[in-house]
């Protein structure tokens, strides 16, 4: 395994997308890409030139799962720590939205190998050997009690090993069905986090402070409620319709409250994975750039670029992100 | 046949579209969809959960026409009243417009089975048995004298049976070649109509009142000129270029003049069939919703959604239309 | 060969484009089109109904090059003057940009048959027999010393034969590697030009007047520095992102300074070849329309339409350009 | 529901096939078709002009399952008796074989709505009202104990109602995991069958008579062991490689032992569903043709044609089957 | 127009083919190619390096017909003699056959511009100026009385001008509906022919000699019955199924009876146009090769190659035909 | 780098293939795959579960070359020893053959980074550290003098390090243009080889013994002429047409002369890379299986499977090869 690598952990998903702007099975074809929030982060980090190790649990004796591993390897992600076990490969179907028609996701991820995994299935001590950062999200704990326990086990093991732990809240209402409430579980996970990422609405809800107005207030409240947090980053999306969004973020690292440039994105190609590109960008910036402001700007620009790329993965280089930050030339063709 | 069904009548067309934004035969492929204004209305009504019966005349012993019937059946449209006869299957070729390049339609619908059909070919008495609404458009009478006679026969038979008759003016200048003027024939059809749908420009022309300014004045004039009309609905499209339109409508039901919300549609996927989605939405709303305002809003929202869907058919559900009306969430992904 | 034809000369290129908005080899497919600035001009002129002869040097015994010739012939371009010789077929790979992600071109055109061609390889006297106009660009001289010499030979031969010579500056920084500077060579070519086309930035640079502000001043300076020039046309592009540009042009013909209508292009399909469509439009207008203003407007409208058409070629007719100039109906479908 | 209809019952499956002869995810696309043995039989019967009702259990609130229903309706299958419930939509991935490389199926059908269904979930009395034939297969009982109970419940209810019950043994070794052995369950189902269909190898195994040699002996043994059986039909496939098979069948109806013509199929397009086309052909022939020999020949010819059609469904007409039986003209183009 | 060119005359058709081996509209796509027997001959001749002029009547103001002309031009066919007039573009739909499923053609060519054309519409004197050979087929006279008259007018004008006239009998039973019998009209056309091409079955039928056995006897009878004929070539196809045919031909030129090599074609890609490739090969061989045997072998080899090429056109070079005749290396890759 | 790995060395190529059986640019699309003989061997070995390191020289700053590296990494090949340098990415265009039409390859590989590479550019000592086998072919030395020197340098360095060196003769006549004859250079390379692979015709030619008849005699002669050779393996292909070949091999290891099973391959999907699959199979078998006969059979079966897989790479597992060797079930679907 690589030294100084970033480890991410979560469920891999096969995404089956209708072609173009078609509704499901309007023509009998699906485009297949692999994704999953934490895999997306690992791929983006690897594309940024960092050592990234992705940990997940996939079904054994399954050539589709083999293809998922191969696809990650293609981007240079270290897949040697992936466990193969019983269960299904999580899948979801997607229609891209257009104009006033919202995009639609239909999950088919019950009984996945990840959902069936339990604490003890992964040897975290060995996984974290030589790593410096651990990233996971609030999606995995949503899918089963054992996956929630395993996620928490991972976060605690990482902190014990001295890794920085980032956690993307990623609240998915439709997935929380196994018993405990999202608020209860995610609060416990925040308590094991160094750097928290979230959108304003979800974080307000998990904090249980409906009255708070504004990203700044929400971030303050998170830092107040959770003394373990070193920083809170909040992404801000405004979305009048399916094709036009604006995108920016802010960050409170207990020293300063930073806000980023705001991008108007008017011809969205694929917004899935934009939040993950933001997380990867923040991790990259945090560990490679001079200031927190630079890290925040890098994260927002990286996730802005993600909106222009089909599939879950942010296939952009550090040079391309910096070119966007340098600005003004995105309408040209780079020859 | 279903009870309380809506019957629509008109020509079915095979549409052959160039891929993406390509010009004709830039690559040697066509996407094939079935359409035709009245078939589009039947499919939309069926997608809204209503019983819809589609009546047309198609060529016999023709597997492409068989596929047209099968496609309608796929949406749950009752196809048992379709007549098979001599003649061709109407066809049209389409290039999607983009930016400042207009979309283009090349008709190849001469000598179609529908154009060759004559009064007496369809047993309207049996077709209308148990139905409550009849819808047709001004396209069918444009294609031949006998089709015009047949259309008028249908409208009169429907009214005699006590059905509500809606008529979408749909003036297509390039089709009127068989002898009588569009104004003469369409005026006769309006005289057999309960609810008239049109755009402002076409209705003004057919009414022969070039000086009228504004949709309200045109609707008033139609109601004045045709005492049989219970309501006139006028759709309003502004279209600076091929990708960006605004879309709204108004309605005069002799009691009130209602105007709808106006949608800015900035990334049009396919505008063919939007008017038919409006007609279907109005029929749905008229028979299922509490107020005429609600019906009008439903019709406009349904046709707004149509602009985001490839092909002639409005593949949207009642829930999706209501979600757009409830507003504000179309930029999100519905998971 | 056709009488009164326009002759264009330059390198043909095979362009391999990733599908949709995908990054290179995201899926293992390329769309293949032929292009090259001067071929694009010839195709556009032929589509406008003019006699166009395209001169180039292509590899012999190469079926891909045969297909390039066939594709040009398809548009009615006279390909009988094309020379087949040693060397490769110039190729380039392209990713379309989207939103804040710039389009990207990767050239693979070294050692092409055109780059290896030398003065004397083409019998200009016979090529120009019966022609009235010659057009070439600053791309060909960039690829090799011998191609630069050949380009200059062509321009001089054309002027000697009494043809009008138009020259599109088309400065491509990444291509100039063979020794002489772009400024030196392109200046020599401007000296053999009647009508110069350029964008403001490139022309300012070649003129070596960094301090000049505005297209008008740059055009004035070109006319001042080069007494042979009859006119200078400058295209003006503003490009906030990859999908939205504005497009206009101005022209100084030593009698008047003309400016064109400005188009907001908000959903760019493919901008490659827009400059070539402008050149073709200007040549068409100069030789067929009543005024220089009309010629300029035609050129800008033609190149505006090009942005809506996939591939390098401007597949638009004179009627379509005039329809855009007549205005206001581009949002409609032409049936 | 239609009178005299044939009812089929079993699991619907979404099949995701790699393009052409590619291995899984060699390119990131899947072709999507719906299938499942009993759905295939219903579609074939409907294509033969018979009334067919398909009964299954599909997940509720699932647009992919909605599309499955729509696709069946497209072929005229009565889908009004389909139950929507909890659980997943059964899925399978498929690679087509070629030459010496075997085709490959990867099932992802655990926890499907059908597997979770239980006796009592379907009102058989109403389903069978007006029907004359019931067909099911040995696949459904393989997927869960409750599905096995439900299958048996269906067969018994059908016989009680006086329907002819046909049962296709369809032993799928990899699916039998829920506890009871295939032999135990399938033997119980044979005991509720009138007409049994199987291949020789599977039937021998279920009969527990490994020593039997030849289809005739196996059929005899089945009739001896199960006095309820009116007939046994055995399909015979020889398959030297993935592209070339020979295909025939025999039938023992306790009066005569009939054998069919044997077809050499040398360019197999898609063999999935060939056995189901055989079953549908036999049901069609049994109820529409003059002799059992004619029925057997029709069944074999229908399933021979299926090998030439992509997807699970046998999209062939009665006329096409008879044309093949009439023979000698399959190499011609039917104009 | 080119000197010494071969002129062919007949209807152009747009062919819309289902993808792969799919049945009509199994997926909503068609591949579009242009064809028509006489256009196919012109394209093949042009691919063989000969000057070919194609004469037809196409609808005016029709961009699909424009594309047909452009496609022919792409192959270097002289399209300057094509007439544009009233009427439709003839179209046909095609399913490729596979194994025991026959290919299927659905014609939609009624009221085509060609069918509406009449004697006098084409200035044959100018068309035939400088030409040496005229080729037409028995398809055009089948579509209308006026087209039959026009065909005959062309043949007679060609003979009068001293051109060699070849006529491919091409009897299409389903097209002959306009009044006169095929036998009557085609016999009249044979009387204006120098070189007759046909298959054995059709020629026997037109000769009205059902009792004749064997191609040799049929050819003898044609020469006996029609003193004007200089030669009769008969193609011989055996077709056990849709993918495997054998293909050969024989020729009687009143001096010798020649038979060709016989090819087993076991993986047919597309057989449409094979007969036209045979005709083109014979014309090429007759005018370019040393002996009639060489001409016959060239014709058979060219049409053998056609079976391996998608679309109507025989995209093969003289070199490729000779390589096949030289034999033995077709299993290798030519690098 | 992995221990005990097999190192392969040679040029990487981008292959651009026309879709289906189309001729070049019949439709404007290419399928893109990466290949090159030695890359193919590395991928096959990795698919067989062995550690494989691929060494090549690719252009720097080239995203298409980046994709080549990523694609190899996807299969688990160690790409860490790849050098990036000046020059192009070798490319070739391919048409698949069909029936009597031969496949066609058009090379565009001049001035590639590999052709420009020279001895000293690769640090063989480090590359071979921990490796046990080195494989290269006769293609790389064909492209330039320096590449030939580099190849020889590699072979000698490998032998010096104690690795087993296998060499696949792979004579490509059309590539040898740089000066020395293939015979001279390849003979020198054979002298640095342990295990030689070739086809009979090429080896006979390089040995300069035209009179030798039969693979056995040719193998004997190679062993006689080159005392360093431990074994000679000869693959045997018979190819009546483009779709049907037979395939087998023999091996002389100075102890016994072994011959393999012979496979009739009747529906070839893609034969490119079959020889490389044979080489990989032999390396796998030599190092993992019990006998030379088993190694030979494994190699032939692996390469037999390759014929059924699109692209250059043999995407088959050890289990699949053994299943074919176990025999008899390839016509079945593996579920």
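The letters A, B, C, D, E and F name the chains in turn, as written, and every chain counts its residues from 1.
The rule is short, and it goes like this: contacts are C-beta pairs under 8 Å (C-beta built on N, C-alpha and C of every residue); 3 or more make two chains touch, one makes a residue touch a chain.
Predicted model, so just to flag it, every value in this text is computed and none were measured.
> So which chains are sitting against subunit C and subunit F at once?
Looking at subunit F and subunit C together, the chains touching each of them are A, B, D, E.
> Using the touch rule from the top, work out which pair, A-E or D-E, shares more C-beta pairs.
The comparison resolves to D-E.
> For the copies subunit B and subunit C, give the interface type as same if over half of its residue numbers appear on both sides, and as different if under half do.
Under half of the interface numbering overlaps between copies: different.
> Centre to centre, using CA atoms, which chain is the farthest one from subunit C?
Relative to subunit C, the chain whose C-alpha centre sits farthest away is D.
> If you take the mean of the Cα atoms for each chain, which one ends up farthest from subunit B?
F
> Can you tell me the C-alpha superposition angle of subunit B onto subunit D, nearest 5°?
Rotation angle, to the nearest 5: 180 degrees.
> I'd like to verify one number: the distance from the centre of subunit C to the centre of subunit E, where each centre is the average of its C-alpha atoms, in whole angstrom.
The separation of the two C-alpha centroids amounts to 41 Å.
> Could you give the separation in Å between the centres of subunit A and subunit B, each centre being the mean of its C-alpha atoms?
Using C-alpha averages as centres, the distance is 45 Å.
> Which parts of subunit A, given as residue numbers and ranges, touch two or more other chains?
In subunit A, residues 28-29, 71, 104, 266-267 touch at least two other chains, as defined above.
> Considering only the defined contacts, which subunit F positions touch subunit E in the complex?
20-23, 26, 97-105, 107, 172-174, 237-245, 266-267, 271-272
> Mind listing the subunit A positions that touch subunit D in their complex?
Interface residues on subunit A, with respect to subunit D: 16, 24-25, 28-33, 62-64, 67, 71, 88-89, 91, 93, 104, 106, 108, 110-111.
> Considering the complex alone, what residue numbers of subunit A touch subunit F?
70-71, 73-76
> What residues on subunit C touch subunit B, complex-wise?
Checking each residue of subunit C against subunit B gives 263, 265-269, 301, 304-305, 307-311, 315-316, 320, 323-324, 329-335.
> Mind pulling up the subunit A residues that touch subunit E in the complex?
Residues 27-29 of subunit A touch subunit E in their complex.
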